[in-house]
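Each chain carries a letter (A, B, C and D) given by its place in the written order, and its residues are counted from 1.
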């Protein structure tokens, strides 16, 4: 904290520093992770049939977890030098929302379900707390846009085949080819090879040549998918290679340096021997 | 446009220039893409059960799309300096055919079906419009011939196993091993692991050792497939490496240059010190 | 052909040269490939229900193919300078055996089946004729020994799990876990994810914790398999890189050359300036 | 063995040396491997229904194998110069335990089963005997920690989806979504594409939009899995590249060496030409 950056009294500044010290503490971090794990276990326990006594224990524990999270978020917030920066991080907003919503008492009907949902997504706080997971997720997300055009191409293949499927096989099986959205789902199933021959044999009974439809679809999607995977591999490896090369040759002279040195030498010799 | 390349009047030349300006316009391109997406949505909407009123709306929209496409192709055609070059691009021919055929009124029976098919393939215009998709498709197609011999080898494996299968298992299940083409389909199913044990257990009831047939087939095809994938990966990466290397060392002196410089230096010293 | 290498008369030598010319002829090669394809089609045709007239045509065509193959092998044999070298190639022996056996008239019962089998394996002659396929197959076979130890490790995993499976699940399903060989087949099925949950749910009814058996097996085999694939990829790419590097820097001077040159220069300067 | 390192009599020392010679003998190693294979075959034979006579033969052979293993471990132990080092190797402890436990006579009920289990794990001695397998296993295990965070991320995805699944689909199918642990198993099944559409169609009958649950799960896990695989490939290849580079350029001068030499040369020229 730079001196003078906050116009608060010395007393409050000490509090902020104390919070900052707590926030950076390794024991505190481990405690937060354990509480998130406990919170996850509580969610799991709720899915079992439990007798009322234990159910009460779970409810009490759940309130404690919510209370702990509220305290933790507050510490994080007060530890922040510039309060506005706190909400510039998407993860902080996510954490605050998840905690604030789970404070609201929701016990009747649909609201109770919403309350349970919010509690489930508290497990995602794990990612917001552990920096390595955050980095991993970011690198995963950064790889996505590169796939953009392959995904569009794949969707065009899917859409054309779904349109063909629901045009021709519409009357054969309404459950599989009723309309274009159902057909898209059926084609995704065919792509995962999940009982795809059952789907095929059914249409082959009416259109004996319909195997061409399935086989060409499988070839196109498999080929596009393969190219997508290869694309990612090549991209990742190139980046790694560039990084590794840059690291290895950071302080090394380049051939251009050697060349410049040689030219300099030549000039000197030229000058020295008239 | 080079001056004098077309012997038309100044008025028409302005028209062509105007068309060229429209064609190159980013807004126009976005509009064309939106209309193709709309056209795809219309195809999708047709696969749902819709009441007559909406059906009429769809028909009108469909005609509008056809009209728009006709206008767009015309603009592209007139914007072309040399009209013959227009038909040298496969995509232009494809676009023109798709649009021209969809103008022909087809409403009765089989022709109506053909009309619907043509409309489905209009979605492929997406590839012809977006340059990135065209490049992607071309690079996919260029990777195919390299796989030629692996595909032949795989087909030989398939053919031999299908001949063996329809010879031995012919009487066990006519649906799966009736003749060589059905056997080829069954083997493709086995390769995708789709209920392959059902097929195997059936023949093992008659030939207890027939598991060797399936396992050897799976090993051969999996191995050939794996090699195909590795082949593509290696090819793609080599090309990328070569490109990256060429880019990185474009203007760098090579060791040969350094060597030449040294030799030159040596010669000078030799001459200067008699 | 070196002169005097065969002590035959000039007449026969001309015959041998003529055979050699036929053998090396591109048209002749194309003819042989077409005849092999025809032979494959005949095999395929036999798997269909055909009326006696066509069956006779097939038999005649089949005899013609056999005759052609006999002639072709003879030409290859006579074209060979040193007759003993002919049988040093495994493919030549394979070709000769396949053709000789198919001459033997086999029409009754089991022998007829053997005759059909031999005819099926004639398709493999495709590999012996097309050099690119022979090279591809050789490179595939050369990749196998590198996998030796991973295959042994995988077999040990399979064997231990099969022994455990047939010990514990023996009485649950005799068809799947009856003895160790059936268990090995069942585990291969589990590895291909083919209805593996049906197998698991059945044993979980008796041993509720048996899911650990299946999940650990899937993890172990998937991990070993993955490492096998990566091992091949890395091997292939390394070899390619080494080749590419060697090609690119074939005539380039190395840094050692530059260093030697520099040292030489230094020595000269030292000597020239006393 | 260094002289004087063990204060035993010369007689025992000779015995130790003799044991060391036996242990290092290639024939002895081959014999041990054969006996382990025999032991594996005995385990396999036990899973078949065999008549009492053969059963007795198996029991006798089994005792002989145990006796042989006991002798072999003893030789290894006595061959060791410093007896304490023997138990520093995890594999030696494993070997000793497996052999010692299989000596204990266990024939009644549960103990007999334990005896059989111990015999099955004797196959793992193969890994402890063959050094190449030991190296392979170690390199596999060393690759695991790198996957740590991807595995955690994947488990978080699994846990959230399982909690959602058992919350919403609880009443649809108790067998698949009864509680969170069953749901985790069901999701693993969905990830292997094993009859996943049956699971989906069942829940879609109640929640028509539940396909989003399955598709998003498949995309997330497939994407995380893909990144895991790519991560391993990149890691392995980088390590190989570094090794290959280090090997190739071990004794080569670097550009820095060339530069130093040039600077030295320049200094000399400067000095020689005042």
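In this text, a residue touches a chain if its C-beta (ideal position, glycine included) is under 8 Å from a C-beta of that chain, and two chains touch if they have at least 3 such contacts.
A quick note: this is a predicted structure, and the numbers were derived from the prediction, not measured.
Undergrad: Hey, what chains does chain B share as contacts with chain C?
TA: Output, common partners of chain B and chain C: nil, no chain qualifies.
Undergrad: Of all the other chains, whose mean CA position lies farthest from chain C?
TA: A
Undergrad: Would you kindly tell me how far, in whole Å, the mean C-alpha position of chain C lies from that of chain A?
TA: Comparing mean C-alpha positions, chain C is 43 Å from chain A.
Undergrad: Could you give the separation in Å between the centres of chain C and chain D, each centre being the mean of its C-alpha atoms?
TA: Centres of chain C and chain D (C-alpha means) sit 30 Å apart.
Undergrad: Pull out every residue in chain B that's touching 2 or more other chains.
TA: 193, 195, 233, 237, 254-255, 258, 262, 265, 269, 273
Undergrad: What are all the chain pairs that meet the touch criterion?
TA: Touch list across chains, by label: A-B, A-D, B-C, C-D.
Undergrad: Can you list the residues on chain D that touch chain A in the complex?
TA: The touching residues are 149-150, 152-153, 156, 159-160, 163-164, 166-167, 170, 178-181, 183, 193, 195-197, 211, 215, 218, 223-224, 226-227, 230, 233-234, 237-238, 241-242, 254-256, 258-259, 262-263, 265-266, 269-270, 273.
Undergrad: Which part of chain A faces chain D closely enough to touch in the complex?
TA: Chain A residues touching chain D: 40, 43-44, 47-49, 113, 116-117, 120-121, 123-124, 126-127, 130, 132-133, 136-137, 140, 143, 185, 188-189, 192-195, 229, 232-233, 236-237, 240, 244, 252-255, 257-258, 261-262, 264-265, 268-269, 272-273.
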